[in-house]
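After this come two complexes, each holding chain A, first together with chain B and then together with chain C.
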Partner chain A sequence: MNEGQIVLENVTKNFGGSVAVEPINFEIKAGEFLAIMGSSGCGKTTTLRMLAGLETPSSGEIRLNGERMNELKAHERETPLVWQTLALFPFLNVIENVEFGLKMRGVEKPERTERALKWLKRMEIEQFANRSIDQLSGGQRQRVALARALVTEPPVLLLDEPLSALDANLVVRMQSVLTRLQKELGITFVYVTHSQSEAFAMADRVVIMSAGVIEQIGSPREIYRSPASRFVAEFVGTNNIISGNIKEIKGNTMICNTAFGTIESKQEDRNTRHQKGNDVELVISADMIELSQEHTFSENEIQLQFVAEEFTGSVVTLYFEDANKNELIVQKQQREIEPLELTYGCQIFAHWNPINVFCLPDVKTE
Partner chain B sequence: MIFSNWLRRIDGYALTWRLPVIIWQVLFFLAPLVFMIAMSFFLVKNYQMKEAFEFVNWVKIFSKGYFWSSYGLSFGLAFLATITATCIAFPASYCLAFKLSETARRWAIFFLIIPFFTSYLVRTFSWYVLLAESGVINNIIGYLGIGPIKMLNTMFGTMIGYLTLTLPLVIILQTLSMASIDKNLIEASHNLGAGRVRAIFSVIIPSARIGLIIGALFCFILSFGDFVSPYYLGGSNPPTLPILIIDTTKSGQQWPRAAVIATIMMVTLMLVALSAIKIAYKKR
Partner chain C sequence: MMVNDKSIVWILKIYLLIIFVFIFMPIITSVVFSFNSDRFPSLPLGHFTWNWYDKVYYDSETWDAIRTSIIVALSASVLATIIGFCTAYTDFRYSFRFKNAYLALALLPPTIPLIILALAMLAWFSKLGISGQIWALIIAHTVLGAPFAMAIIRLRLQQMDKDLESAAWNLGASEWATMRHVIIPFALPSIISALCLTMAVSFDEFAIAWFVSGLNKSVPVVILEILQGNVDPQINAIGSFVFATTMTLVVIAQLFLFTKKPNNH
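This part shows the complex of A and B:
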């Protein structure tokens, strides 16, 4: 059997009466950068803590390299964790913090110091070796935490929102540090985050969790371009979710009646599962909608009124309404919309390619 | 000129609020202390104290062998009580801090405060019932064919008294300091390969260091100056320094010599407290 390095099989976790994690199943391949993403309370941190042995699964099995590890205590595992708070020991200096794991494994002092120094050098903080933790900046502490976790050369590194306390530009820098480190070491990273940008920027695969259930597993691109459920579509990116009813299916083209009129969807595999007359939810990503001042006479075109905008750096989120006050969200680069000369209340035409319209698999049949 | 500058800098509002405390401290702490030190240089003639400035009392006390053996005994007993209390309190505090729920911990601390509601003297005397030659404990072990064991009027008795006085306080201080340790640090040590025992020594003790040392310091201060336990449970023989002070004042009105002993005790406690605080708050 050729299974992944880490396997979770029907793993659940209850705290008292409340369920934190419903039965979940997934595999993590050796050398993979996997992100577990979800909003707070979705069970992502609990899942990570079960991998570290800090929580015991209520049922199910966790295997590492084919061996059951449910019963292994935290200190018997080789799954170091980087905490959200970093959890550096304030009573130890930088190098003593890094040496901690080696000391617990009975490595002699000279070797310990040598290996710890090697990691401090690698993280470019060797000049702070004898500093105390409270003399370091946020980014430097981050590096100490990474060095401390990696010094024992583990097969897996677990990270629990380690960048959430850093400011924005430092986050981007640490992201590249982390991805480069993961590529160089070739070990598995399991990274828990609520931030879509962190997960998508770094991970090979992303697991999306909500209320203790896995909503979707896939590459960032798959998840971004074809969300598997309404939850994912709302959670990831900015999507327009439009309810409709199937009017006609011709091959891989599906025509639906919606509040915006008929909308066409062209999808290779997904649309064949649906039947005429079904209620469906169509997803149009906000950045896949084109705008123009003039009629383009394309088939998928609607006339809208400009009602609001949200400016966040180079990307602008624009809010439009049709004559019946149905809202459509469009995301554009600032320089793209400048020629349109938008003013509040002005009329504009929006159109899109039907291959970028897809319907969610969870069909409302009843 | 300088004085008027200084006057102008005084904040009348702050001074008004602080004045009562300052007056209280000066009247009831500083003044008696100065008087005690001054008294240690006085002379006693015909059972009457005479104001003087002579070193004769200091020389007398320092040259007496019984003073030094008392000093050694007091220091040793207080030190032993400190070590014992710290070691007995630690497992109890560990359980209170980590094994109990928040509510249960609050109740436990409440129960630890209850002993302070009754007089220490009463609590000491209640040990009589248990420890006496015909007391409860000797009766019970008598049925088993052991004893009777002499527990009253021994150092064991003194130690029981010291612990009665100090143990609840030490447990409270240790529990509070351990309960406030960041749980992530303990988990991090497990995560990095430390079992339960190693986590205690490598994370919990260093993290709770201030509370542990302050608890021990209180134990030492209370035991070193305690008169009741060594007198009633320890049988006052050999005498500790507080008993020596009583004896000195009773025999021939030697208040100045008692003042010498008291001053030496104050200095000793001051040095112990300062070095304990220095160790507790030592920057790494």
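This part shows the complex of A and C:
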């Protein structure tokens, strides 16, 4: 039996009459950085709380190292959690907060202090050991929360949106602290977030949840480049989702009729599941579309009118429409579009490589 | 406009001053006359004297009453605070059917007219056969104080991040350890505050004490008995002592209640 460190098997959770988590199945490998991502109310936090023992699954089984842990109480588990609110004890100072887990495990005072100090040093906050919590900045509190959770040297660390209260620049710094820490310790991190940038920046694998169901599990690249469902395609990145009907399938090439005319898609495995005449949804990532002022005579080329732009730093999101007011979104680096000299209303040619056109698996069959 | 604003502020200040004078004048008068040599409270004042305090000091009945009051106040405040804490924690932690009814019941005693409560207590205690014992007074004052203790502790627990409790479990603390190491330390200022306030309530309380205390008279009961006999400036001395004790307790309670951040050092 070669299963992952943590296994969730048909795990569900109901609160009263409402279903928070539908049967979900996934494994977490030892030493993996796994992110569970979704919007609020998707069941991601409930799933994490079930791992911590703060909620009991309504059915199904959670196993840690092959052993069922459904009935194990929260305080009997070695799955510390870093809370969204941090939940530091306000009546204890920094080092007493960090020592708490050791104290509860009956570790004697001298050893407790030594181990807590080691972690404060590691988190670079040892100079604040005797401060009270409300004398610390947001970033420093974050480090106290991490030290408090890690001081017992657990095999798994759970994190519930720990960076959501921090300033944007601090978030990026804490991300690198977390990823480095996870690599150095070699323990499993399960990280719940609604932020795509956090999940993609740190995680080895991402689980995308929606309404209590897992939509997709994969590496950030897989999810970004080949979303498994319309939900994922809309949730991650900036994707154009175009409805169409399959006109022709030749090997791994598929030609579809769409509002933009015929669009060609080349995929190794995914397109073979579809049949001629089926309605499909094609996904073209906004950053995979090329723009030019002249005809390029590529396979997928359409003429568009420039209608709007959204400037957010170095990346620009451009909105185009064809003659029938169908919208297409393109994302480019600012420096890439400067030579195009775009003005509102100007005509431009957009094209893209067929290997970047994905067909969503949830086919609408007649 | 500025002139108007200022005059309003002054009027309000004077109004406040008048209210305070109105409230505190009798007490101040009582304190002043407790140091006055004249037998009857009248102006102009006589000379300064410790005489009335001396008289109280050597009066064994007063000492018995003070002893009774202290024993009752200490026991009742501890019991009331324990009951109040349990009620407040139940409210904080659990949600159940009829919770509102439960809370209403817990907060009920102060809304019942004291005479009714006192009569009911007297009837009930004589059924139990403890009427006139010090226990009767302790139980009665516990009932009276518990709702105050609950209200104060509940206020504090409402400020607590609900995640703190879960965080303690998550770090390996059992429910009892969490109670000891997280809930009680967090609620400690309000617990001390509740102790002081319920002690003050018990120390001051007259109506119920008069009905149920029997031979274990508390200070307010003795005051009335002296007063019924004759006008004696001793009353002013005892009154000043009771006032000082109660105010000290209330001020301590306030200090703990309104300290936002518990000190760590």
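Simple rule for what comes next: the second predicted complex is superposed on the first by the 366 of 366 C-alpha atoms of A that agree within 3 Å, B and C clash if a C-alpha of one lies under 4 Å from a C-alpha of the other, contacts with A are read in each partner's own complex, and residues count from 1 in each chain.
By definition in this document, a contact is a pair of C-beta atoms (placed from the backbone, for glycine too) under 8 Å apart; a residue touches a chain by one contact, two chains touch by 3 or more.
Note that the structure is predicted; figures quoted are calculated from it, not measured.
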Fit or clash between chain C and chain B when superposed on chain A: clash
Determine, under the contact definition given at the top, whether A:134 touches first (chain B), second (chain C), both, or neither. second
Contact-wise, after the overlay, does A:346 reach chain B, chain C, both or neither (first, second, both, neither)? neither
Looking at A:80 after the superposition, I want to know if it touches chain B, chain C, both of them or none. Which is it: first, second, both, neither? both
For A:148, using the defined touch cut-off, is the partner it touches chain B, chain C, both, or neither? Pick first, second, both or neither. both
List the residues of chain A that touch chain B in one complex and chain C in the other. 52-54, 73-75, 79-81, 83, 85, 87, 89-93, 100-101, 103-105, 132, 148-149, 152
Using the touch definition from the top, list the residues of chain C that touch chain A in their complex. 161, 163-164, 166-175, 177, 181-182, 185-186, 188, 261-262, 264
Can you list the chain B residues touching chain A in their complex? 182, 184-185, 187-195, 198, 202-203, 206-207, 209, 283-284
What residues on chain A touch chain C, complex-wise? 52-54, 73-75, 79-81, 83, 85, 87, 89-93, 100-101, 103-105, 132, 134, 148-149, 152
Can you list the chain A residues touching chain B in their complex? 52-54, 73-75, 79-81, 83, 85, 87, 89-93, 100-101, 103-105, 132, 148-149, 152
